[in-house]
Amino acid sequence: MKPVCLVIGAGAGIGGSVGARFARGDYHSVLCRRSDQAGLDKLVGNIKAGGDEASGFLLDVTQADVIEDLVARIERDIGAIDVVIFNLGAQIGNRTLADTSYKAFEMGWRLATFALYRVAKSVLPYMEARETGTMIVTSATAAMRGNAGQHSHAAAMGGRRLLCQSLNAEFAPKGIHIAQVVIDGSVDAPDTLGKMLGEKDFQKLRETRGGDNDGILLPKEIAETYWHLAHQHRSAWTHELDLRPRTDAPWWNDNPTFSY
Amino acid sequence: MKPVCLVIGAGAGIGGSVGARFARGDYHSVLCRRSDQAGLDKLVGNIKAGGDEASGFLLDVTQADVIEDLVARIERDIGAIDVVIFNLGAQIGNRTLADTSYKAFEMGWRLATFALYRVAKSVLPYMEARETGTMIVTSATAAMRGNAGQHSHAAAMGGRRLLCQSLNAEFAPKGIHIAQVVIDGSVDAPDTLGKMLGEKDFQKLRETRGGDNDGILLPKEIAETYWHLAHQHRSAWTHELDLRPRTDAPWWNDNPTFSY
Amino acid sequence: MKPVCLVIGAGAGIGGSVGARFARGDYHSVLCRRSDQAGLDKLVGNIKAGGDEASGFLLDVTQADVIEDLVARIERDIGAIDVVIFNLGAQIGNRTLADTSYKAFEMGWRLATFALYRVAKSVLPYMEARETGTMIVTSATAAMRGNAGQHSHAAAMGGRRLLCQSLNAEFAPKGIHIAQVVIDGSVDAPDTLGKMLGEKDFQKLRETRGGDNDGILLPKEIAETYWHLAHQHRSAWTHELDLRPRTDAPWWNDNPTFSY
Amino acid sequence: MKPVCLVIGAGAGIGGSVGARFARGDYHSVLCRRSDQAGLDKLVGNIKAGGDEASGFLLDVTQADVIEDLVARIERDIGAIDVVIFNLGAQIGNRTLADTSYKAFEMGWRLATFALYRVAKSVLPYMEARETGTMIVTSATAAMRGNAGQHSHAAAMGGRRLLCQSLNAEFAPKGIHIAQVVIDGSVDAPDTLGKMLGEKDFQKLRETRGGDNDGILLPKEIAETYWHLAHQHRSAWTHELDLRPRTDAPWWNDNPTFSY
């Protein structure tokens, strides 16, 4: 029975690519996403077509018990969860405080922070008992600093980042590797950025900043770093790293016209 | 009519002392706390006894609408809120992930992050219309990094910190000063630390680290820095500063025995 | 005999204004700058004209022994140095690596890092013996992150920042307050920014971003925060704070057009 | 002709292991260290014995021109420098300010900061002309915050870190990957830590924290992450990551007894 790589948040971007990468590396990838059964089937089908193992589940993490139940079910029916990829985003675009509703603010927290706590609470006891395991959390620029219009997103991702540090402090000594990856740029992800920008603008972004411009992060390349993190030796673990395209300024360098 | 200094979280520590400081500086201080009418009356009474103005309200911020209603009521009945001090804590002591309940995790967020969003949402439109105002947020070590056992607290305070940055990005250009104060040490606060430690341990802490040891932050001294922040000129605003006692190592220097 | 406030780097900007502020607060201000005796005399003369005490020295910190000798001389002839303001800058404008000479790179370090070490080495033993004293270091955006073209400046200021933390770790418990002030914006300083930009561009900056735009830091307002820092109680010291104008984005928010 | 991996600072720790790793990956590794020709010969010999390519040079980076000359010579005689590993340390143990001499303080900067600038200045023009290349810099806890007794080291490493960011801002868009690796723990390095601690204490450290305790970073495992960094796709580059052993607390979590 293969070890399981559980991906929470598996669209046609980072999540799907990481799932495929781990399946190719002899894991059984379990892909979860909120909606779009057809899209999910396609991701799982592609992995299986390559001779590797995968399963897919629709999972609405705003619902009570669904994370907890799924983790128990996977451990019972599919295999030991050796790697969990927490890849849920909560970006809703830029909104003024006036345009940030109570509901949107709470939803940001439910998706980006609380769901991670629930996943940790569900998965880590299994890993702790086995004294091994890896949890990789997709982080974002918004976890590093609050930008204008990012009230909900920054609060949610900032909370997520420090939760990861707190989890690391408790679980690293127990043999569980907690890592976070700060995605500091646009990802070539049709299911998220594509839908947020709309097809036309997304296509334009691909044309102007994609390809040899190296201005958009390619999910399958990101997946190589997730793979590397999951296979670092226990004497040399990374807790946090950043990823960005060659031509994109880091978040701490955003002003190209003047510097102090 | 005096300008109002609204203090959310006013016990016999930072909140009460800041309220007294601003009252002495010719503000009408409005003190709010969750419970203990007698304690609240005492704080308000002491301010009035000094010839200054104050009001007090019990306020359970976990309830819907209460923040929003109180802000409207103050603006209507007491005066323009010129300064708001957000001083709610959410420290519950160190707990393993196993001992951190869903309820505790959510409560941390409701008190430390969501309540700040609600206060901002309620107060900032008034300030924006007047093109002036100050919001000072009490922050903590836990907002800077997640420590073992701080899952709920770190997530909540980390979210709060980045929310402050996001609010600053939107509102500073509109003339509203958003500042956060990282309290990086133990505060001589009988209502919070005192209750968490218990009377005996708190007394012991005061004896061993208080007084000339300068190992515990004194609330009335902290209040001087809050006052300074609220009166900086608009060309030279501080967004974030730290406060700690002389003899206490900063959070980034916690290891006294060895360093790399 | 008044306590001395020693200002290293006193032009018609932060240094001169801080010197004037402390003189007004009953210190004897000792102003030091590299060149321009006439400018120095004017600063000292203005302070004396107001009935306060000041002295001035030309000081080229790239020379051996001059800092060390001056400190000894002040302690012997003028008074106990209670506050030292280290305000030397090392900004040389943006230069590519190709255009950053060995000499310029080393000069950045000599002015911004090594001179601070020398000042600390000279002044702190006196303060340590008296178990009291304050050293405030002017820091800059460049101390927080390296920007394009800032090779020399970022290396020098980044080193300075961590030196301050290391000094704080050793000397705070001994009663000496070490603080740094991150100036995160343009300062209305004719002697430095004015000369770097040239008179015409500096005037234009003042007109477009000065005055009610609050887009340039005013030195006399900055001085109020230096004064506050120097008078915090020993139970509640700030080690680092930032200062920026209302309308200027913080360094972590430099991109006004898009955010992740 | 194989691409060259130039290692500045190649002892029997990170530098030597990274050199061996790249040689195994079909680079010609050029190992440089200050002294110990026999040690150097052994490292080079081991690589050659495995059928891979390597050269070795003694290099005292405190001397003028030696870095510049060596780079030119390698490019002319050995091959194109595709990867440069800057691995010079400047740790001198903990010393009070009184015990930190002018010479030691300057030496820290010469080794940790200035030498990196010189390497960058020498190597990057070749890489820029080829529009490709990687520079990986070994960083340390001391680059993240200044600790007691680390005056020289913290200033030097803090300057190095921001220099890396400044180099990245200029050269990443030109196709050159600049990365830094924060080594946040003790490394099993006989030539540096071993000599600093002395043989007996080093052996004790290995016994108490090595092996299955995963309390000491193993150089050959570190080398895997350097290798990964050098082979990330240009759309997904890491600029900074940390490495620490499973059982070692991160620098931001150094206090195991109490947390706020």
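So that you can tell them apart, the chains are marked A, B, C and D in the order they are listed, and the count of residues begins at 1 in each.
Keep this in mind: a residue touches a chain if its C-beta (ideal position, glycine included) is under 8 Å from a C-beta of that chain, and two chains touch if they have at least 3 such contacts.
Remember, it's a predicted structure, so these values are computed and weren't measured experimentally.
For the self-contact between chain B and chain C, the two sides draw on mostly identical residue numbers; the shared fraction is above half.
Counting C-beta pairs in contact across A-C and across A-B gives the higher total for A-B.
Centre-to-centre, using mean CA coordinates, chain A is 33 Å away from chain B.
Note on chain placement: the centre of chain A and the centre of chain C lie 43 Å apart, centres being C-alpha means. Annotation for chain B: residues touching 2 or more other chains are 142, 145, 147-150, 165, 168-169, 249, 252-253.
Across the interface of their complex, chain B is touched by residues 91, 94, 140-142, 144-150, 183-186, 249, 251-256, 259-260 of chain D.
Within the complex formed with chain B, the residues of chain C that make contact are 165, 168-169, 172-173, 175, 177, 214-218, 221-222, 224-225, 228, 232-247, 249-250, 252-253. The residues of chain D lying in touch with chain C in their complex are 96-98, 100, 102, 105-106, 109, 113-114, 117-118, 120-121, 124-125, 142-143, 145-151, 154-171.
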